[in-house]
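What follows is subunit A paired twice: with subunit B in the first complex and subunit C in the second.
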Partner chain A sequence: MPEVLKAPLVVEFPFTRSLGPVQSAFLTGLRERVVLGVRTTDGRTLVPPVEYDPVTAQEIRDLVEVAPTGTVTTWAWNHAPRRGQPLATPFAWVLVRLDGADTALLHALDAPGPDAVHTGMRVRIRWAGDRTGAITDIDCFEPYDGEPEQPGDHTGEFDNPLTGIVAPARLDYTYAPGRAQSGYIDALSGRRTVGERCPSCRKVYVPPRGACPTCGVATSEQVEVGPRGTVTTFCVVNIKAKNLDIEVPYVYAHIALDGADLALHGRIGGIACDQVRMGLRVEPVWTEGARYPDHYRPTGEADADYDTYKELL
Partner chain B sequence: MTRDGTPWAREIAVVAFAQTGHRRTSDELSEVEMLMPVLHDVLAQTGLRTADIGFTCSGSSDYLAGRAFSFTLALDGVGAWPPISESHVEMDGAWALYEAWTKLLTGDADTALVYAYGKSSPGSVRDVLTRQLDPYYLAPLWPDSVALAALQAQALIDAGETDESALAGIAARNREAAAANPHAQLRGPVPPGDYLVRPLRTGDCPPIGDGAAAVILAAGERARELCARPAWIRGVDHRIEAHAPGVRDLTDAPSARLAAERAGAFERPVDTAELHAPFTAQEVILRKALRLDAGVTVNPSGGALAANPVMATGLIRIGEAAARIHRGDSDRALAHATSGPCLQQNLVAVLEGDPR
Partner chain C sequence: MSKEPVAVTGIGQTRHVAARRDVSIAGLVREAARRALDDAELTWSDIDAVVIGKAPDFFEGVMMPELYLADALGAVGKPMLRVHTAGSVGGSTALVAANLVAARVHGTVLTLAYEKQSESNAMWGLSLPIPFQQPLLAGAGGFFAPHVRAYVRRSGAPDTIGSLVAYKDRRNALKNPYAHLHEHDITLEKVQSSPMLWDPIRYSETCPSSDGACAMVLTDRAGAARSPRPPAWLLGGAMRSEPTLFAGKDFVSPQAGKDCAADVYRQAGIADPRRDIDAVEMYVPFSWYEPMWLENLGFAEEGEGWKLTESGVTELDGDLPVNMSGGVLSTNPIGASGMIRFAEAALQVRGQAGEHQVEGARRVLGHAYGGGSQFFSMWLVGDRPPTS
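Right, the complex of A and B next:
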């Protein structure tokens, strides 16, 4: 068995999210260094504010300004900040009940060490210099020993309120394809295509994924297939995909390699689009250093008889 | 019992349970390659084949390993041809079991295969779990799962309900119990270790690892045919609390208590409880919420502190509780599963064996 293959995989996506009226007012407020809460029907003030009462589910819109000072309700010392977290130096995660609020806001507290932090300590917001209307407009909290600051009486009406946010996210993985696919990729590096045979139904799967999806049993017997194969069905691509360096139109086909019981996908070249047909016999074309065939081209053989591939459509 | 006190239309039991040996990494196996032996094991215990199963339901999350639609590839291991009746939840497999249980209650099926799997090793599970949080106020700060659990632990310490040495005792007791569990990842003593996010030390946190689990449910006489001592499901319920940690009392789990009440857990004492408490302080909260006194055997498997294949850990709690009933080690057991940050969502199942 070849060594386990691994490769870095980064999944990165910018979510564009719309804001409800309460969220919009809160985040726009942060941009303007104003902290808003929302009043529930039973008179509590929620900070951060939500669109619906968490107890009664009623729509709530009664915005009230609270102070930028508050009290730590619980904390946890983070000596090794991770990517994306509010501070790059060790800090305390804190829940802070701002003066005038009845619930607590999660954020970071910049403090010299865990001995300088305790539940009940007084803190105040340190604003970020560059504010866009996001929870990160609060840079962090910092210890504060002054009098509670008096909240203003902002109503939540702002010029140019936010209507949405873009929330980027990135997760890093080490991708490992597993036993069957490692064998497949390993063989491809020698320009060979191997599938795996189901011990029950005897079908040969290419590429193999380690299991027969019909029988639900492990496949393990490697079977070399191809290199030639038959076009079982195809389509003509007329719209250029982003980041794809192939001129349109081109043909994308299902190709049943000789000996395989499952068709794989590939591009067809070396023939005009309108000449490609079901049953066309093709072979892989490799480019120097490539890890898989660049495309498939006609072999010049007579077309395969429909009965030879009708089960593979 | 249903809410108005009438019995369920059918009796449904867990009749078989299987799980992997949970490990830090399984990078030589794809997800389906890791899962398939467990499926074969659980089917073999009952003599059933895929074609005999009335309903199949699974739980997993594509975010863990970063593979889109990984659950459809996992289905290859079931053998879904001719087409089967199937469903999937992007949740712990305990919630897949809940769906399967309700499906069997309707009479649509007599047997169900429930499975769950998770590979935490390809990514950074602490960071991955931040993506389940409120995208406006929480996720942009990347508060990782250990940080949120640490905030909860500190709240519990501040309330005088535990201290760091008591938490270390919980960690030690679970891992000692796991010494007898060949599937556990951490078996036997583990040092308390350094602070990960204070007040939680590495010993207060679950191991990171990969694994899978599966159970088979069967109704009525079918259950008795398939299992010498079925673990009858007397009730299952799940409840959720507000998402924002700052609006909750983090020292309590009212959703767990309500789920337990609705599942019938308080009608008679249980002898065993399998709790899904990945962090030590959460066991303190759950023991209180679920009214478990010193007479109850808690986490004889070692619990989530001994093995935590995310998305399967909750289903494993139900499977472990059922397996003790199968073996005759328990007559009435509570199984608990959790989801979300700081025990936000909780599921409780009550299982019983026939009188001996």
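Right, the complex of A and C next:
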């Protein structure tokens, strides 16, 4: 049995966010070195601010400035910072209650080691030099033994307020397709298509998943199918998809390979788009070095009778 | 012990548009929830639990957004549940909420669904570059277009049917102030001459991408008795699932859809849906799905659904109006689209659908589906409480 395959899968995307009035003021404030909180119905000041009162659910918009100095309420040492974290050297994750606030803000504290950090210690914001209206406008916190700084009286009205941000997201996976698909991919390297037969309903699954989705039992009996097959249904794609290097128009078809009990999807070539029809008999066209057939082309056989493939659309 | 009857006493929607850059996600859901509470003349403290739904987290990239939305929805100190069943989620979310009332777990539940498509990327969220696999060749429209061709082959429908549906739904949307697309100069000719994107599906026969939210207040008999406006009553509700791909799957008329409808009709005592149901809000993201679902839901025999469309039966003034609101073809905030169908069905039986009201609508079906035609959720609502 071939080795089970593995490969990295990186999912990465820059998401946009509309901020709404409260987050807009908060992030614009950071750009201007002003930290804003919001006053709740019962008079507490929440930093970072929220749009709706967590207790009464009322809409809250009363923004108040708090000081850039504060007190660590709890912390955890980060021995090995990862990509995208606030500091590249080991640091403390801290919750800081800024002077004038009733709640704490999560950020990083630059300290030489865990022995230099304790709950109750006084800290101050270290501002980033280049500020754009983001939480990273606070570079980090640093230990501070001076007097508490007095907050200003900003109410959140700014010129050029920020209304949206881009939040990049990235996830790193290790993808393993499993035993059945690994076998299928291995056979493809010899230009053979191999499915698996369900021991219960006897249907042949291509590509195989290692289990029959209808019967819920494991499959293991390998069955070679094709190489020829029948176009059971299709569409003509006239718009170019992003990141896909295929010239339009092209035919995207469901192809039931001979011996398979469901259709797989592929492109039809070697024939004008308006000549493609349900029932067309096709065969794979391979290109050097590719894992999958590049496309399928007509075999020249007579079209398959509708009744022979009507269950395979 | 029989189930508690469930009533819809509050309905709220945002005005659906391409992009709501003025609000956060919290601001968007809040707007719909506030309108539903206002409609029911209730306050946040009258709500016992919140049930929320949306499409995959990958769409907007906010993981478990329900956690951060608790403040905006007054859910602090109350149970809050998230439901997820792809495009059908708006429907299944409402059903989970309804079941909490029917089981007498809670008296009054706020249910809500949303999507902020402008801040998401559905194409990306649904087609990750999985190693060893061939990239998706055709996008969402390309996924569904071959099934439409299969329907046309099976039914022998004339190729103009899809355009008739789109022309109807876009005109219905003109009567719905909450609909996204308001194409005042729409003509049948324009639909029929719009670009063929995924032959046989044209540009004007596809749904838009919208920002929007929809909310409902569901309550028990006691809550309904206090309702300032006529409630809609739940007469039957069901969900069914099946795999996306399996040998023998019928994409044109999935078995799970048939079973789901049969369950709803059994609960509601519907013997003949075509005769006993007055109107339908069904999930039609590509116009041809109207005749396909008419058959799947039992309103027409197999292969005959297109005849209802062609003869005008599904028009707003027809004998069985379909998608009076303009439907998904005119408004598609994906996660909310199913709940909008359910809410629009309820508006009809409450007599509060405004310009797109069907005169005398007493029993109306709301329908949603999602994934690769693998999740189905439906409810039938009426102007009177269930008899048993």
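Here is the rule we go by: the second predicted complex is superposed on the first by the 313 of 313 C-alpha atoms of A that agree within 3 Å, B and C clash if a C-alpha of one lies under 4 Å from a C-alpha of the other, contacts with A are read in each partner's own complex, and residues count from 1 in each chain.
Here is the rule we use: contacts are C-beta pairs under 8 Å (C-beta built on N, C-alpha and C of every residue); 3 or more make two chains touch, one makes a residue touch a chain.
Everything numeric here is computed off the predicted structure, so don't read it as measured data.
K.L.:
Where does A:L9 make contact in the superposed view: on subunit B (first), on subunit C (second), on both, or on neither?
P.N.:
Both partners, subunit B and subunit C.
K.L.:
With both complexes overlaid on chain A, does A:A180 touch subunit B (first), subunit C (second), both or neither?
P.N.:
Once the two structures are laid over each other on A, A:A180 reaches subunit B alone.
K.L.:
If you stack the two complexes on chain A, which partner ends up touching A:S18: first (subunit B), second (subunit C), both, or neither?
P.N.:
A:S18 sits against subunit C, while subunit B stays out of touch.
K.L.:
One more residue to check, A:P54. First (subunit B), second (subunit C), both or neither?
P.N.:
Touch status of A:P54: both partners.
K.L.:
Quick check for you: in the superposed arrangement, does A:M278 touch first (subunit B), second (subunit C), both or neither?
P.N.:
Only subunit C; A:M278 stays clear of subunit B.
K.L.:
Of the two partner chains, subunit B (first) and subunit C (second), which one does A:V166 touch, if any: first, second, both, or neither?
P.N.:
Touch partners of A:V166: none, neither subunit B nor subunit C.
K.L.:
Could you look at A:G84 and tell me whether it touches subunit B, subunit C, both or neither (first, second, both, neither)?
P.N.:
first
K.L.:
Please indicate which partner A:P213 is in contact with in the superposed arrangement: first for subunit B, second for subunit C, both, or neither.
P.N.:
The answer is both, since A:P213 touches subunit B and subunit C.
K.L.:
Look at A:R267 in the shared chain and tell me whether it touches subunit B only, subunit C only, both, or neither; answer first, second, both or neither.
P.N.:
In the superposed model, A:R267 contacts subunit C only, not subunit B.
K.L.:
Taking the stated contact definition, name every residue in subunit A that is touched by subunit B in one complex and by subunit C in the other, in rising order.
P.N.:
Touching subunit B in the first complex and subunit C in the second, residues 9, 11, 15, 17, 19, 23, 50, 54, 167, 169, 175, 177, 181, 212-214 of subunit A appear in both lists.
K.L.:
Enumerate the contact residues on subunit B facing subunit A in the complex.
P.N.:
27-33, 36, 39-40, 50, 63, 65-67, 73, 75-81, 121-124, 126-128, 131, 135-144, 147-148, 150-155, 158, 195, 197-200, 242, 244-247, 250
K.L.:
Which of the residues in subunit A come into contact with subunit C in the complex?
P.N.:
5, 7-9, 11, 13, 15-20, 23, 50-57, 59, 163-164, 167, 169, 175, 177, 181, 185, 198, 201, 203-205, 212-214, 232-239, 241-244, 246, 249, 252-254, 261-262, 265-267, 278, 291-292, 306, 310-311, 313
K.L.:
Along subunit C, where are the residues that touch subunit A in the complex?
P.N.:
Residue list for subunit C touching subunit A: 20-24, 26-27, 30, 44, 58, 60-61, 70-74, 76, 116, 118-121, 123-124, 128-135, 137-139, 142, 145-150, 153-154, 195-201, 243, 245-249, 251-252.
K.L.:
Would you mind writing out the residues of subunit A in touch with subunit B in their complex?
P.N.:
4, 6, 9, 11, 15, 17, 19, 23, 27, 46-48, 50, 54, 73-79, 82-86, 93, 95, 97, 103-108, 114, 119, 134-136, 165, 167, 169, 171-182, 209-218
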